[in-house]
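What follows is a set of structures for review.
Each of the two complexes below includes subunit A, the first together with subunit B, the second together with subunit C.
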Partner chain A sequence: MTIDIAGLAAAALQQVSTELALPEPIRLSDETDLFAQVDSFTIVDLLLETEQQLEAALGRYVPLGDEAVFDAEKSPLRRWANWVAHIGARCHDA
Partner chain B sequence: MTPETGPAPGRAQLRFTQAVLRGLVTTVGSRTLHFAEEGPALGLSDAEIARLSRVIGLRARQIVPGSETTVDLCAASARRLLAGTGVRADQVQALIMVTQTPDHAAPSSAIALQHRLGLPITSMAFDMRLGCSGFVYGLCVAYSLVQSGLDHVLLCVGDVASRLVDPTDHAIAPIMGDAGAAALIGRGDSVATFEMYSDGSGGRALMVPNSGIRHVPDDEGKPARMVMDGAAVFNFTLQRVPALVRDALALAGREPGDIDYFVLHQPNRYILQNMQKRLGLPEAKMPMATQSAYGNQNAASIPGTINGFLADAFASRRLTALFAGFGIGLSWAACVLETDRIYCPPTFAELDDQ
Partner chain C sequence: MSRALECLLVGDCVTQPLGRLASRLEDFSVTTRHAGIGQFQQVLLADDQPDVMIVHTTPAHFFDGATPDEAEARMEAHCAMLAQRLIRGGTLVLANTLEAAPWHPVGQQRLALARLAGQYTARLADLAAQHPMLSVVDVAQVLARIGLNQCLRDQSRLVMRMPYTKAALDALCDAYAQAILERHLPRRKVIVLDADNTLWGGIVGEDGVDGVAIDREFPGAVHWEFQQQLKLLHASGILLVLASKNDEADVRAVFDQRRMPLAWADFVAHRVNWEPKGANILAMAEELSLGTDSFVFIDDNPFEIEQVRGLVPGIACHQFDARRADAALALLPGLARLHCWSVTREDLTKSHQYQVEAERRALKQTFGSLDDYLRSLEIRVEAGLNRAAHVRRLAQLTNKTNQFNLTTRRYSETDLLAVMATGQVFDFRVIDRFGDMGLVGVAIVRDGALDSFLMSCRVLGRRIESTILRHVVDRAANPELLARFIPTARNALAARFLAENGFELVQSTATESLYRLGAGPQASPDILLMEIA
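Right, the complex of A and B next:
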């Protein structure tokens, strides 16, 4: 089964942004540094929302949280394209 | 590690054959705080309250209503435990107290508790300053004492964490619950294995500044309240704990299917769910609701989970369990042990009459 990972990731971010009523919308591009724009609770919320949407789409759980997610240098959330690639890799590994 | 070779070089791996857990009692603070009601007072919006409820699992917590201390909670648990197991105070030969919220910097709270419980002066009593890894660390020391010849050892663990944090800090205040638990360790033929870790390089991820003798310029002016770098603690947990569980199983020569319950420290729902899925553990074997009902119980979270959600199981049948604690220090530890119909009543939500 193939899914639009980039679309799903953006939808999850949109859902979290809406729930939090963020004052400024996050403008997404491949270079967007999400790690610098939101707090750690929002990141955990994004992980949870993305995992739930993945599970709904794939019918299986794909864990996205790991020790790199909150690493200031290594986090895939430092660059949106890297985050989408991270999700894709996790889907492949799971 | 094998019985013939001992621990692997440089590893704190321990194996016991003559100590068993005989009983567990947990007493929590009697005041219930509901997060939905607390949130506005902490300056949180409805959206933030909903988010934290969903992500962290915050629902309610139990705290002490007044000036009660960890020693008070542990004393109540210990008295109930001794009465329930039929062990007299004068039979207890050692008391270990694991807490970050002692009555005083000195003397140790364990010795104060020794006096309150009426333990003989021929007993030994000492504190261990640990948090969320503290129950497993303390249990290891208690098992060591019994393996070395003692008959009855009391392990008391807990914190009045609500009094250790800034009540206006919305990142940490609504998480903390107050609890004091007591465990009785005695002699018996049973195999238990322990695996212990420590990493002081992560000490500032979770700490209480200006609370001791050392003066740190970076901490100038900071109140002596617990502060947490959430991202660093999250990283630490996901990096260390899955490997801890796998290593503990390997040390014990067990497969996940051999374990009846995985009782982990309860920091927040996301972390526990993430680990449960990554380790491939059935949800029924890994309770995850303690923090939602009682708050983060620190060193008491493992007994708190057992008394809170698994009391009937531990009281009614023989079980093989894995306990894993992780947190401040940084420190992390796990054990695999067997229990056989231990004294294990449901959690008490008030002090006893004494």
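Right, the complex of A and C next:
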């Protein structure tokens, strides 16, 4: 089964933005540094929302959180394209 | 205008995602604060007094790295801190049951740990019985309904101190919001029910009494269990009324001849005829002296629902579809405004009270004069002052009474306890030859003024209100006592009460009329008022 990971990731971010009523809309491009724009608690919400949407799409749980996600230097959320690639890699591993 | 509500959350996990409960509290302007992870002692023992404090514990807080005895000691210490917080008062505290006991390779040890988790629930229940400002959210049941495997994630727990999935968090936010609403908003009072294809399957006029489905076999079993749910609500003080397009004899025959959880007598009003249901519901609301914004209407027919929704202001309408059993049996449990945390003695006798009121109305028809009728009732009023034991009922009255209410000031239990310390909170129980109507009146005097004066509409028209006002004036012992009438859309009934009971108008604006005590009210000679300690 193939899914549009980039679309799913963007939809998850949009859902979190809406639920948390984030003050500024986040403009997405491959270079977007999400880590710099939101706090760690929003990242928690983003991981949970993305995992839920992945589980609904794939029918299985795909864990996205690891020691790198919250690391200021190594986080894939430092660059949106890296985050999408991170999700893809996790889907492949799971 | 939304009421402000400050909510402080503390947990042994990240609590920020639970902050989304604020979006479920539409009637409130909610601010949330989050304590650091695990800071239970700092929060529970501090002087901070938010309106609501959510103290969320996961099983790890008690069981992680602990022997069973150590886990039990942690539970005891935690409950002791909760008790200390509750004794200080001023805050609604929400605690939770534990979703699961930890894994153990030995079956008997697993059972011992499960029993410990159950004992924690029992401790919380004991605390809640002792402390009215503690609510317990059954997180175990909330997550069990979803399925623990869909709710818990070890990776999330270990990476980011958040053990719950999004689905679990949504359900937890719903549950915590519900617990807050139960304490702050009045319950809907009346459920209006259709009969055919709602209380039973089929149409009695076509299928006959024996042909309708109400038994323990599907599909009759769906209606049976729905009636059992209604019976539970009825027993907790919700009034049931019947609105059915039928010949009354046919509907009564089903109740008389078929075995089912509900009886005809469980319904405090009936309109079984061929008139529009909206008009019938309006008539029953007037008969019961209740606002239709406290009504819920349940029918299988979307046309009827649309008609009622268009005609009856404020009523909440829901469609019942017995063909979808899960949705049908989730309908009543899902109506948050039917829930409450606890019930008062008055709640438990509500239906009986309305039935007895019908007997009083019948008696009144037999008398030539109002004076003779009132004398025949042998009315007795018991007056209490600053009785903290009744604070739950008094708070309920201040929050639910809209019509005969001079100022419509709302008080929580905490508010009333504070006023009792510095002012006078009068409560009034009314008894007559038909029975005890319970606590039906509240008057609050503070800072030289009658801050609140209200009475349940059930007891109006018997000169009781003048008698209790006389008592309040005498006990306030202030010849300069001030009083206000603050007009709302619902309390026109009380507009002239002060003027007609010996208070003199001082000034009047669009938003309020200020009065000063003059000659004062006259108590009725036919009413016996006794002060109760």
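Definition applied: the second predicted complex is superposed on the first by the 94 of 94 C-alpha atoms of A that agree within 3 Å, B and C clash if a C-alpha of one lies under 4 Å from a C-alpha of the other, contacts with A are read in each partner's own complex, and residues count from 1 in each chain.
Convention: a residue touches a chain if its C-beta (ideal position, glycine included) is under 8 Å from a C-beta of that chain, and two chains touch if they have at least 3 such contacts.
Everything numeric in this text was worked out from a predicted model, so none of it was measured.
In the superposition on chain A, A:Val44 makes contact with both subunit B and subunit C. In the superposition on chain A, A:Gln52 contacts subunit C only, with no contact to subunit B. Once the two complexes are overlaid on the shared chain, A:Asp71 sits against subunit B while remaining clear of subunit C. Once the two complexes are overlaid on the shared chain, A:Tyr61 sits against subunit B and subunit C alike.
The interface of subunit A with subunit B overlaps its interface with subunit C at residues 19-20, 41, 44-45, 47-48, 61, 63, 65-67, 69-70. Taken in their complex, subunit B has these residues touching subunit A: 45, 47-48, 50-52, 54-56, 171, 230-232, 234-236, 238-239, 270-271, 274, 277-278.
Here subunit A touches subunit C in the complex through residues 19-20, 41, 44-45, 47-49, 51-52, 61, 63, 65-67, 69-70, going by the rule given at the top. Those residues of subunit A that touch subunit B in the complex are listed here as 19-21, 40-42, 44-45, 47-48, 61, 63, 65-67, 69-72. Residue ranges on subunit C touching subunit A, taken from their complex, read 14, 16-17, 20, 23, 153, 155-156, 159-160, 162, 164-167, 169.
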